[in-house]
Amino acid sequence: MEILIASSVGVLTAAGLYLMLRAQTFPVILGLSLLSYAVNIFIFAAGRVAPGMAPILDPAAIGYVDPLPQALVLTAIVISFGMTAVIVIMALGAYLNSGDDDVDAAGSDISGGAG
Amino acid sequence: MILSAALSFAIGCFALALLLNLIRLLTATTLPDRILAVDTMVVNVIALIVLYGVKSSSAVNFEAAMLFAMTGFISTVAFCRYILRGQVIE
Amino acid sequence: MNHLIIAPIVLPAVLAGLIVLLARRAMLAQRLIGAVALLALLGLSVVLLRQSGEIPAQAYFLGNWPAPFGIVLVLDRLSALMLVLTAGLAAVIWAYAVVTGWDRRGRHFHTLFLFQMMGLNGAFLTGDAFNLFVFFEVLLIASYGLMVHGGGTARVRAGVQYVAFNLLGSTLFLFGLAAIYSVTGTLNMADLAVKLAVLPPGDAALIRVAFALLLMVFAIKGALVPLHFWLPGTYAAAPGPVAALFAVMTKVGAYAMIRLGTLIVTAPATEGLWQAYLTPAALCTMAVGAVGVLGSHSLPRMVAFAGIGSMGVVFLAIGAGTPQATSAALYYMVHSTLATAALFLLADMITPAQGRDDVQGRGAAASGVMAALFMAAAIAMAGMPPLSGFVAKLLVLDALRDKAALMWSAVLLASLLTILGFARTGSRLFWKPPTDVSPAPAPDNPGAIAAVVALLAAIVGLTVFAGPITAWLDMTAQALHLPTGYIAANALPGVP
Amino acid sequence: MIRKIFPHPCLSALLAVTWMLLVNRFAIGSLVLAAVLGTVIPLMTANYWPGRPRLTRPWAMVPYVALVLWDVILANIQVARIILFLPPDQIKSAWIVVPVDLASAEAITLLAGTITMTPGTLTADMTADGRVLLVHALHAPDPQAVRDDIKSRYESRLKRIFE
Amino acid sequence: MSLALIAALPFLGALLAGLTIRFGRTASAASAFAVTAVALGLIVPHIPDVLQGKAVQTQIVWLPSLGMNANFMLDGLGLLFAILILGIGLLIILYAGFYLSAKDDWGRFFSYLMLFQGAMLGIVLSDNILLLLVFWELTALSSFLLIGYWSHLPQSRRGARMALAVTGSGGLALIAGMLILGQVAGSYDLSVIVTQKATIQASVWYLPALILILVGAFTKSAQFPFHFWLPHAMAAPTPVSAYLHSATMVKAGLFILARFWPVLAGTEAWFMIVASTGLVTMIWGAVVALFKHDLKAILAYSTISHLGLITFLLGLGTTAGAVAAVLHILCHASFKAALFMSAGILDHAAGSRDMRAFGGLRRLMPITFGLTLLATLSMAGLPPLNGFLSKEMMLEVASHTAWRGNTWLVPGFATFAAMLSVGYCLRYVAHLFFGPVRRDYPAPPHDPAFGMWLAPALLVAVVVVMGLAPMTIAGWLIDSAASAVTGTPVQTTIKLWHGWQNPALYLSALAFGGGFVILGGWSRLSGAWQSLPIPDAKQAFDAGLGALTALAQSVTAALHSHSFSRAISIATVTICAVGLLAFTGADHSAGTLPATPIQAVPAALWLLLIATLCASVALHRDRMIAVLLIGVVGLIISVGFAYLSAPDLALTQITVEVVTVVLLLLALNILPKHSGPAGSRARHLRDIAVAGAAGIGAAALCYALMLRAPAFAPISAFHLAQSKSGAGGTNAVNTIIVDFRGYDTYGEIIVLGIAALLIIALIDGLLAPGPARDRILARLPHANPTGEAHPMMMQVATRLILPFALMIGIYIYLRGHNLPGGGFVAGLVFAIALVMQYMASGQEWMQHRKRLNYHTILGAGVLIASATGLGSWFAGRPFLTSNYAYVSLPPLEVFELATASLFDLGVFLCVLGAVMLILESLSKLGLAARKGP
Amino acid sequence: MSVVAELVIAALLGVGGLFGLIGSYGLLRLREPMQRLHAPTKATTVGVGTALIASALDLVWVTGAVSWHEVLVAVFLFLTAPLTALYLAKAHLGRTINRNEVPPTGTGADWAGFEATPDTPKP
């Protein structure tokens, strides 16, 4: 089980980064989404997981899933939603302003400067 | 005994169904077909959640099932609207 | 409990909420609320600064939950210092934005500005590692908004990179925090220090990875090479006053490094962990900054690189890890924040329309007053006497005397390149006769000039009162390096 | 007045019942809340539901639903058989045009939905006014029969409920 | 009067000069003059003490922890320099009053001049070497301003920058040297340092400190090979040249040599470096001076030569050498300042500084001729002028000096230098004033007004009188200065005639004879000189600096090419490397927790996830498919959360997912539908490697953590224990969110709110006139929208679905505290329900029926959350302290009222408002595109 | 739990699983896009519905309390399935099916899915 979760985190991270490295607006956004999935699972897993635990207080429970990482993941999900929305609109703005979908090479650095 | 066998059978069926959906999703040639595959996937997932609830005798995931149904519906409509109209909200 | 501690966070949030609710379209009301907020924040920060000198550290237990179970705010000298720096800087920059009309060039400037204050203050006050993340996000998202305030192709495109890079940083932050929680079972920073001291050796490697990740996060915020690539484009493209406010944003990274670094530095597992990476990276940062100052074609970019270079010096001092070096780092931080901000405001005034073009070849674009102000700010930034840059540089050099040969030559060479760069730009900007394509110099805006003068006055004050200020900072640094007061304020169960 | 407080009384009742089902536990408090929600939510959403559909025989709904459910079960087996055993080239799909005599939008929608839920057929489109439905049949060697079946089995019953 | 005040006076003068310009040019000059005079006058009362060998001190604490204090000291050396600075300063101001034209900005000029004066005075009065450094760098800055005074001239700007570059770098070396010195001596106070000779010279840091300090001194004093900046500084107005580049600033380096003479001199290294450099500079400066044509260039190179002379004398490390050096400092200041002023007069009167344009001015400008002649002859070392005294002393000292056992080398070179000096002096006078009167002067030559020649005349008077009565005029000053330099009381006898047995006399005569020979053969020598391939230092410097700048530019551009993907790659690799290093730096014990056995369903989900991820990477270029696949990924993760008993996460994940999908689709409608190929095969491989490394790192860390038993009981044990009794809820996740860590949630909803505002602002900006708006309007609508916008069936169905969806939202909100759910999910459910309604009926339709503005909802959410938090203040509790009570209200059963629920309501409103604002404004953008221009 | 009840639930579960599988299988097997639309909208829905009923019954027999949540989920799925199908069919009609294959309405009006929307000029 642990190996499944860990490898999922790894593949999500790798896929997210690979998409980010495409350096075009939309893949970057999707890559960031994947990264945020990866980290959400990672946080959750950091509380050590086991199926069959009780999520709600219950006298009959044999044990609980650590609630704190879950709360942290919830916070992280919300924040990353806000951030995704922002970068989506920014990407739109960049595309509409420049007509260019690339995130790379936003304007050249090299210009004359003699005198 | 027979119940748990039937349960395992049902869970296996829906899990297999999910994999079939995935194959459909990846091999489809048209967008509506892919959306259909995902929509079916959501329904199968709901089944899985429900069956897992039976298995673990817990009712805690029924809200999740409810929301899966709701969100699955809405994203399918959104995807179709995107294909048809471009603008999801007009 | 001292409710004033939460005020720097809630006050801007409530006032910003009020603007959204009531004054969305009324610029005058927005400005009025903004003025009230910034003055109140300045006053609050000063009061808290005075209090921080009386008690080593005061905790504010949010929700009345004991530490480490709830979230704690901790006011100590360091956080108070950052509050005052932020509030002072923000007040000046806000005034600048109002008198220059920057606040009218897009929607929600005042709201975003207040939320930015909330984020910064929250980050400086929190005693909880995850809460630090949350307030990093608050200040970042507000900064995204401010960065693209006013729109424009270059700005928005740079904005995408800025946001994407920082989102990567935020993700990394979460990885690090989760790993820390997984190993130690706590998020409270003081509790972390206590638990790290008795961490089983078998966990050492994992906790080191976790803190190494956090170091990288703070390095991104602080523009430590090679994680600085987001900064030049962002700062150069941001509206002038926003870039000036961002001068304090890189310091958030440095602040977090000092705050957490001094708490974990004595633990066996993490001893010397950050320092090992900081020193070489800081040397590179200084080099990249200095070379960038000499090699930039536009004024805002040049200032951005000067800012990177100054962060290099700060990180070098933090990396030394002694109380004296920390004190020097703090002085340098305050100084470079003010100097960077002043230069960004000047850059905004000098190249108001197309700040991103090659302004150096264009010839005199500004008046004598501007030239004088620019010169003063550049002197401060380059670390030349008689302004605080020189004092700061001496303090850092003195603190780094154990490795004098390398450190001193690095710092001094970087200074030289910076001086050359500013001299080159300054002489071209202000001395070269105007050419046909030069825009007519913009008429001086007395309010804007007053804002720059205020920052320079603070720099002068920092110089003249260097004695008492450094004495205060020395005490701050000592408290940081022996954080018993900080830990005691958290009243952790089972910890004396 | 009452019309204002309860723009859609049936909806209100339905909501209250649903609330009780959601809470899944009978208590006075829940009932009070159900009543409150049954009142408030239709008020909140009244703007989004202009007009009030006329239900002349609401009780006729019950047998109709039962009929549909039964058809769903029966015909599903049929579809399963087609999927499993009928060679794909022998499946004779057909487009069927179904003119509709229903007046209210709610009734037409219900008919269209029923057609989709009952196996073998699926409402694919309709005219803008809803007077003609475009139905796709999975395997209909005799399209005419399918149309007649739809009209007699479902449309007539809906007509009775709504008109 | 306090020394600090005296040191501060010129700065006050700088301010005054800048302010009084409002009252006219004269007022500005007069204020500068007056302040200088006052400062000089204030020095006078201290003279008796200084002459008695008592140093006058003023101490002001500034930065004690660093040892940097405003400590001032006036001793003999300081006095000599102070008198030079202020005395010549007075004359320069006087002269400048006539030299400057009406077009010049007098206020700026005198401000800068006084700024410089203050810096210079500060150097010589500093007791604290850190303070000295402050003033030192200030002289560099003020001279930068003064050289660049005529900023419209490119040579001024370049000269200023060059001076700053050279002296600035020297200054940095000096800082390092001084710091080392201070560290070794244990104090930064001169008065302490000078007592530490033995310690300092025994330290291993002696040589580095010495070299660094010498670099500082040599750059400032234009010693070979750092001399090249000085001729280019001549672009400055002549009064500046006279003041800075002959009398004062260039002597600052010599001042440093003299200041640290007691502790640094006397070693082999000192002698070898300082004396040799001085000698070489002396000769090189004289050679170049001989062949220059520009008056100021000649004077500049002669200054270099004379500075070399003084350096040489100080380098000897003997008392006699020190005395000679001090004497020559004074002499050189007097005749060289006079010469610069006369050069300025010539420039003014005859309109050129090119020697070849002159000749025969003897009769046309008799006063100038007289002054120049006397000053030049003094420079040549002709008795009875003061230059003779010091040159004689130099030759005397040189004749006793052996260089590595060689007894003729130093005297020989010294005499040779003296000969060259005589040569250029004779040429200077001869070529300017003698010969036939010409007809082609650039302007009709004439003597200047009285005021303009008054200042040089006074200096020439000093030259003459001091030569005749050296002891009376300057003996006291030389003695006290030399005493201060050597640290021992010195009683010199300076006289014109030392008797026939004095070897210097013969050397001097030899020099004069040689000088005349040089004058005679000048044209031939000049021809030979011009044909020599002498590298031009200025060109080399320019090329060097240019290359440095170009290098900086290309390095900066190459490093920061805006390449986002490269930045991300570098960051990722760095992070992975640092993480790995951190891991290997300490022990790690493998985890001991038993691994949970893998079951079929999670395995199937895992397979599904991995396959979908691979597909989404492989197919990502079709963006719509990518969104679909990412949606599936989110779905699987939600199921995973549900499976792992985290229903709250599952609910949140799935609801956020659908909103995100809608958001992405809205954006994709405007963005390109396909991604272009990103780069070469090599780049793909690189990206795969980078991403793969990060993935492996993340997976490994995750795996290691999961199997490792926690070292301490996690704080969540408290949360579980207190959830019901302390926070009044059975859903610990929810009680953490709204209570234990409600403050995090507070921050989180603020983030969401800011996101909404930011997006509104951005979209507003995009719809404002500009390229973005043009592009939106010019954009073709969606390929071809088909069908009706709002199918009737959907419209009707949503009438029924909406109320139920809202009720589910309310249900989820209400139960959140005890069961999975809560304000956040509820807000999203509401938002999703509204989105459904928007999709069914369209924005316009909704606009007319919307009851509440989303802005209002958002603002209310923030305020309610804040107010709930603040409410606890009234109970004397900290922000966000919750309270709950069980309320009994018959006939209802007992139910719970918790303030945390109110906070959750704030969360709910915030989420709803923010999400709807975001989606609404984004769809506005798309509709604008649809409507077209 | 009575054997009968167990058998009933087991049967429901088996049938539900089968229908779910058949629906997804049909998605792969059927050739034409419109045919594929039939499989999941029905078979799968029935499959899930059956599973839900089984779950509800199971809870009744295990705990004795009636659970209506399953019913609500099922109702929701039944309510939305026709809409999903309609939209997917429209997507096919609009994007993948040649309009000649579709019979005319027989009245003057065209199918809504083929109507040009008045506010949008077709390029």
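Per-chain residue numbering starts at 1, and chain names A, B, C, D, E and F are given in the order in which the chains are listed.
One rule holds for everything that comes next: a residue touches a chain if its C-beta (ideal position, glycine included) is under 8 Å from a C-beta of that chain, and two chains touch if they have at least 3 such contacts.
All figures in this text were calculated on a predicted structure; none of them were measured in a lab.
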Q | Each chain counted as touching subunit A and subunit F at once | A | B, E
Q: With centres defined as the mean of C-alpha atoms, identify the chain lying farthest from subunit D.
A: E
Q) Can you name the chain that lies farthest from subunit B, using the mean of each chain's Cα atoms as its centre? A) E
Q: Have a look at B-F versus C-E and report the one with more C-beta pairs in contact.
A: C-E
Q | Distance between chain centroids, defined by C-alpha means - subunit A, subunit C (Å) | A | 26
Q: Just give me the whole-number Å value for how far the CA centre of subunit C lies from that of subunit F.
A: 57
(Q) With centres defined as the mean C-alpha position, give me the subunit C-subunit D separation in Å. (A) 62
**Q.** Two or more partner chains touched - positions in subunit A
**A.** 20, 25, 28, 38, 42, 45-48, 52, 55-56, 68-69, 72, 75, 79, 82-83, 86, 90-91, 93, 97-98, 103, 106-107, 109-110, 113
Q: Would you please write down the residue numbers of subunit B that are in contact with two or more other chains?
A: 11-12, 16, 18, 31, 35, 60, 63, 66, 70, 77, 81, 83-84
Q) Multi-chain contacts in subunit F: which residues touch at least two other chains? A) 18, 25, 37, 45, 67, 69, 72, 76, 79-80, 82-83, 86-87, 90, 92-95, 112-115
Q) What is the complete set of touching chain pairs? A) A-B, A-C, A-E, B-E, B-F, C-E, D-E, D-F, E-F
Q. Taking the complex as given, what residues does subunit F use to touch subunit B?
A. 1, 6-7, 9-11, 13-14, 16-18, 20-21, 23-25, 27-28, 33, 36-37, 40, 44-45, 47-48, 51-52, 54-55, 58-59, 62, 67, 69-70, 72-73, 76-77, 80, 83-84, 87-88, 90-92, 94-96
**Q.** subunit D partner contacts - residues on subunit F that touch it in the complex
**A.** 18-19, 22, 25-26, 29-32, 34-35, 37-39, 41-43, 45-46, 65-69, 71-72, 78-79, 81-83, 85-86, 89-90, 92-93, 101-107, 109-115
Q: Using the touch definition up top, name the residues of subunit E that touch subunit D in the complex.
A: 787-788, 792-793, 795-800, 802-804, 806-808, 810-811, 837, 841, 849-851, 891-893, 895
**Q.** For the subunit E and subunit F complex, residues of the former touching the latter
**A.** 780-781, 783-789, 791-794, 797, 800-801, 804, 930-931
(Q) Considering only the defined contacts, which subunit E positions touch subunit A in the complex? (A) 553, 556-557, 560-565, 568-569, 572, 593, 595-599, 602-603, 606, 609-610, 613-614, 616-617, 620, 623, 626-627, 630, 633-634, 637, 640-641, 643-649, 652-653, 656, 659-660, 663-664, 667-668, 670-672, 675-676, 678, 687-688, 690-692, 694-703, 705-707, 710, 714-716, 719-720, 723-724, 730-733, 736-737, 740-741, 744-745, 748-749, 751-752, 754-756, 758-759, 762-763, 765-766, 770-772, 775-776, 818-820, 824, 911, 914, 918, 922, 925
